[in-house]
Amino acid sequence: MITFENDYSCGAHPAVLQRLIETNLIPQPGYGFDTFSESAREKIRAACGCPGAEVYFLSGGTQTNAVVLASILKPWEGVIAAQTGHIHVHEAGAPEALGAKVLALPEHEGKLNPAEIRALASALLKDENVEHMVYPGAVYISHPTEWGTLYTRRELEAISAVCREFGMRLYLDGARLAYGLAARDTDVDLPLIASLCDAFYIGGTKCGALCGEAVVFPRRTPAHFVNFIKKHGALMAKGRLCGVQFDALFTDGLYFALGKQGVETAETLKTILAKHGIPCYMDTPTNQQFAIMENQRYNAIRERVPVGFWSNPDPAHTIVRFATAWYTTEEYLTELDTALG
Amino acid sequence: MITFENDYSCGAHPAVLQRLIETNLIPQPGYGFDTFSESAREKIRAACGCPGAEVYFLSGGTQTNAVVLASILKPWEGVIAAQTGHIHVHEAGAPEALGAKVLALPEHEGKLNPAEIRALASALLKDENVEHMVYPGAVYISHPTEWGTLYTRRELEAISAVCREFGMRLYLDGARLAYGLAARDTDVDLPLIASLCDAFYIGGTKCGALCGEAVVFPRRTPAHFVNFIKKHGALMAKGRLCGVQFDALFTDGLYFALGKQGVETAETLKTILAKHGIPCYMDTPTNQQFAIMENQRYNAIRERVPVGFWSNPDPAHTIVRFATAWYTTEEYLTELDTALG
Amino acid sequence: MITFENDYSCGAHPAVLQRLIETNLIPQPGYGFDTFSESAREKIRAACGCPGAEVYFLSGGTQTNAVVLASILKPWEGVIAAQTGHIHVHEAGAPEALGAKVLALPEHEGKLNPAEIRALASALLKDENVEHMVYPGAVYISHPTEWGTLYTRRELEAISAVCREFGMRLYLDGARLAYGLAARDTDVDLPLIASLCDAFYIGGTKCGALCGEAVVFPRRTPAHFVNFIKKHGALMAKGRLCGVQFDALFTDGLYFALGKQGVETAETLKTILAKHGIPCYMDTPTNQQFAIMENQRYNAIRERVPVGFWSNPDPAHTIVRFATAWYTTEEYLTELDTALG
Amino acid sequence: MITFENDYSCGAHPAVLQRLIETNLIPQPGYGFDTFSESAREKIRAACGCPGAEVYFLSGGTQTNAVVLASILKPWEGVIAAQTGHIHVHEAGAPEALGAKVLALPEHEGKLNPAEIRALASALLKDENVEHMVYPGAVYISHPTEWGTLYTRRELEAISAVCREFGMRLYLDGARLAYGLAARDTDVDLPLIASLCDAFYIGGTKCGALCGEAVVFPRRTPAHFVNFIKKHGALMAKGRLCGVQFDALFTDGLYFALGKQGVETAETLKTILAKHGIPCYMDTPTNQQFAIMENQRYNAIRERVPVGFWSNPDPAHTIVRFATAWYTTEEYLTELDTALG
């Protein structure tokens, strides 16, 4: 059985699972006060080059976005995001459920443009009716984006500079960060992210763990962040579950190796698609590839190869997402090649 | 290393972990559409004697309470709970964060009294200013309660009848349900709970799983419940994580066996406490025992045996919680005996 | 002293004030149960040709929008509005504070396009991930719009049809409705609005009253609407204050006469602007006129004539809002003419 | 026609209405930037002996409580109030709708006890699980209370001291403050309240105005308070409406004179009740009197004299509220005397 439907189709990377097995019956305090979580935090701090960072583990991405935004936004503030941003489109209004309006800007291959952020923040803050409006309190970016694209160092620096200029916090959603860090030509690494963002999360669920995301506050942690976690139902009694997994992921570079596996299989996948004359919707350097397929071909293949429906750019074609991951093997790719043949 | 600090100190029961290992690399759809979740749902329906029930898996208890309450309450309604109810005291205001006021009633060994529920509901609904007040929309009970006590069949029937009389929904928090079902003289079982409650959850985190609670709607599921789950950040991408675990827990009666282990070790624990002249604060038939210890003794023992601080009934004494669980072995009890000696 | 800054610069129309004086010391029940409110409701029902309508009085527009939206939206729904919609831009995130996401669409001279509403609703409801998204539950339109423009009967019918097709409610914000109803070539009247909308409000604050808006539910009132009003702090103890005023406004066609005064003075104002070579940003049939002025001229005039700053279309020009109202007299217009000369 | 049903049965005091008439057609900026509001603010600052205070006008009490609490509480905090507190019982869950849990304490003739506040705050803040709980962020008191009783200077000082000790803000709901300040033996005046509270409001609706409450922040105003007002739909376009009224109320001591009228008529009312052998439920020094009447007598009188039903202490008796106000004349009292005869 193979799949390209998404990047959360299998359980945990075997090394992560092995660590859960080994530690299973060692009693530990709850709520993240266990030694495994502490060890994981220490390793993440090191990987970020940020000895003073605070790290928290939550179980999923939407939850993480909601809790972090609730904690970094003031009641009068909203968050700037791309039209395609996950928080704007695919989180069922979770930020708004906590009272935070999403201030949407156009997307450019999934990315925000620094000049457009500046223009919006500037217009809002200069408006003499600003007290009647939602203040721009934070900027949300995803890296990789929902289109699998990546910001460059220069772009992140520019966005971070705009944030500092207007007193906005910069928050990076790293649900698929492993694949972003492993991309071939990227000049963005964890220490850079830690130096430019006020908060970000290192995705576990889509990058080798059963569940779990690691929230990093490189400098200043919002007051009473644990209370925010608890209040939003996101405090795990067995905090060890995430701690153990992230401890394994950040041992011997496993997290980065898993990212590499996802990216390299995506490169091969691109070659296979090209070989079969299937164009990509956009050039994407990470583990998600968006192919434009004739409907007939799409319908034929999806019986044998689970893929993700994205949209219909015109009545005759479908944009299809092929996602690779740490568990995508040679066999997966060979079968796809055969299926397309 | 031993502990009586709580009932979530270890990982998963080995049989649960084994199932995670076996299924780890079998690709499955996300968000609970996997075959393991479906199998678990089927087994839970059978155990509840409720073939038409809908079952959902969430990762933790506070989250589950918040999501279920948000979905079963109308905007003008609140929820009746005991002063000691977990939602009233220990969830950081999570129900209120979703706009649901907790209408607190006195507790009787952790339990609500049906007559007091009726009096409150009746007073509110007869008040000519009721539109200025919070309507009683649901009753929250925990079983076992926060004091480890249990409702009887007769008590549950009486509360359920009051709920029906006033159009309120009955919701049961079963964080420790395994231990409640396994108590020696209880006449409450899963089919009874399913027949009397509008919603309840079968606790996994404290009863053998790494994480996860199974929400059961025996009859009518709230409209768009999945949207509520997603909106509150509680929809797991890898729904299989809970599905696999609950499938294991409800195979060959494991869930009930784990409950029995917790209750039997608690019985032995009571004997040990009695032998050492330590009285219990209340007679409790489940896995939590609340002992009254002189402060000196408490301070001496907690170095060797992790226990839970509860409160100080007077300056010289401490109420201490001893929690057993599926992982509490003979060795734990022997060491406690020695430590108290 | 004159002003064109906005349409809420003076107190109440003298006939409205007179009615407050006459009724001042007649004791009445609170919360809208007074006879004046009842009389006003009856007159509004008649004016709407809707004997079965329910009518409620709230004190201001943002509040009214928030309370009505909270009551007509389900927890999983959001509201479609134009990018320029008051609820999207100038209500400080009030809908989101109640958990309701605004789903923004492009504006066309302040108006929504029925085809674009259909496309959005259709795309959302057909999406297989719709449970991860915000459902389209209602459409918000303002009439007149924020640009002072008006929907035609045909446009309203088309939007209403889309709403019925997708089970969405149609809500009309009539903050300046008097001026809309009095426009020269409009084919939209109160009975039409009542027949097409599920909820709307007849603005008082900007149309002759000291404060107050009349919410009309032509057919079905949301359950426990009074509780929504109270919960959002919008239930006036002295409901008579709004009741008396709306009773006066809907006696002998006063409301319509005031609208006519605002529109006719706006027509004269347009002539004056044209005479002085000042173009309008768009052709607007109601009481708000948006003029494009050279910055120098704008700066010169605003010392003598208070007007509203709108935006800078380019560095050398300013869009300026001139608002007329029921209190705009000949004298106002003459002085403006002089000031521009 | 007479009434004792409540203290908001008539319109505005004639002097207040007169001021509305005089200022009606003088154009002014909106949103409280008018000269009348500024004048009123200045007079209130003087009456409070607090030249640096900030003053805001909102239209009603429930709204004011919600907006102030939202602005002074942090997201992890709740508010301590008496079981009988208006925010806890009669505001339809408005604080909770903004996410603020009410932490209820026993009432003592409607009042909070400083020692009980200290015990609760201390217990919460010392609890090692405090991050799982709602922090005590503010104390809500009403003065007069819902039972018409008053705090003494000493009691207010003690509560204020507890607040300072635990970093809680003290907020006073003065819906009926005029009657509290005018009570015979009170040692509490506006400067004292301003010196002890972090926020309070001077009630207008029940003390001579058509609507309106004046929020006073004697020292530090919450950041972006206007945005809170707007976001909660409480910013009046015609801020002048409240400004003019409070300007009149604080001219020549009118506010205090109205309070005196209410209190003196209440004293006479007490005499009349006593003369007719009707006991009071509690000794109350302000404008609300709670009488214990046999049901038969209550039913007989309420046809002729509107009064407020409160509760049934036993099946044969009713507690009835008689409210006097600035509009209660000799005639009202004479008719009551006759009706009881």
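Labels A, B, C and D are assigned to the chains in the order they are written; within every chain, residues are numbered from 1.
To be clear about the criterion, a contact is a pair of C-beta atoms (placed from the backbone, for glycine too) under 8 Å apart; a residue touches a chain by one contact, two chains touch by 3 or more.
Remember, it's a predicted structure, so these values are computed and weren't measured experimentally.
Simply put, of C-D and A-D, more C-beta pairs touch at C-D.
Chain centres computed from CA atoms place B at the largest separation from chain C. For the pair chain A and chain C, the distance between C-alpha centroids works out to 42 Å. One inter-chain figure worth recording: chain A and chain D are separated by 50 Å, centre to centre, where each centre is the mean of the chain's CA atoms. Mean C-alpha position of chain C lies 33 Å from that of chain D. In chain B, 76, 91-93, 97, 99, 131-132, 227, 230-231, 235 are the positions where the chain touches two or more neighbouring chains simultaneously. Listing the residues of chain D that touch chain C in their complex gives 1-3, 5-6, 8-12, 14, 17, 20-21, 23-30, 59-67, 91-94, 97-98, 205-206, 210-211, 227, 230-238, 240-241, 306, 327.
Against chain D, in their complex, chain B makes its touches with residues 76, 78, 89-93, 96-97, 99-102, 104, 128-129, 131-134, 309.
Chain D makes touch with chain A in their complex at residues 70-71, 74-76, 99, 131-132, 135, 223-224, 226-228, 230-231, 235.
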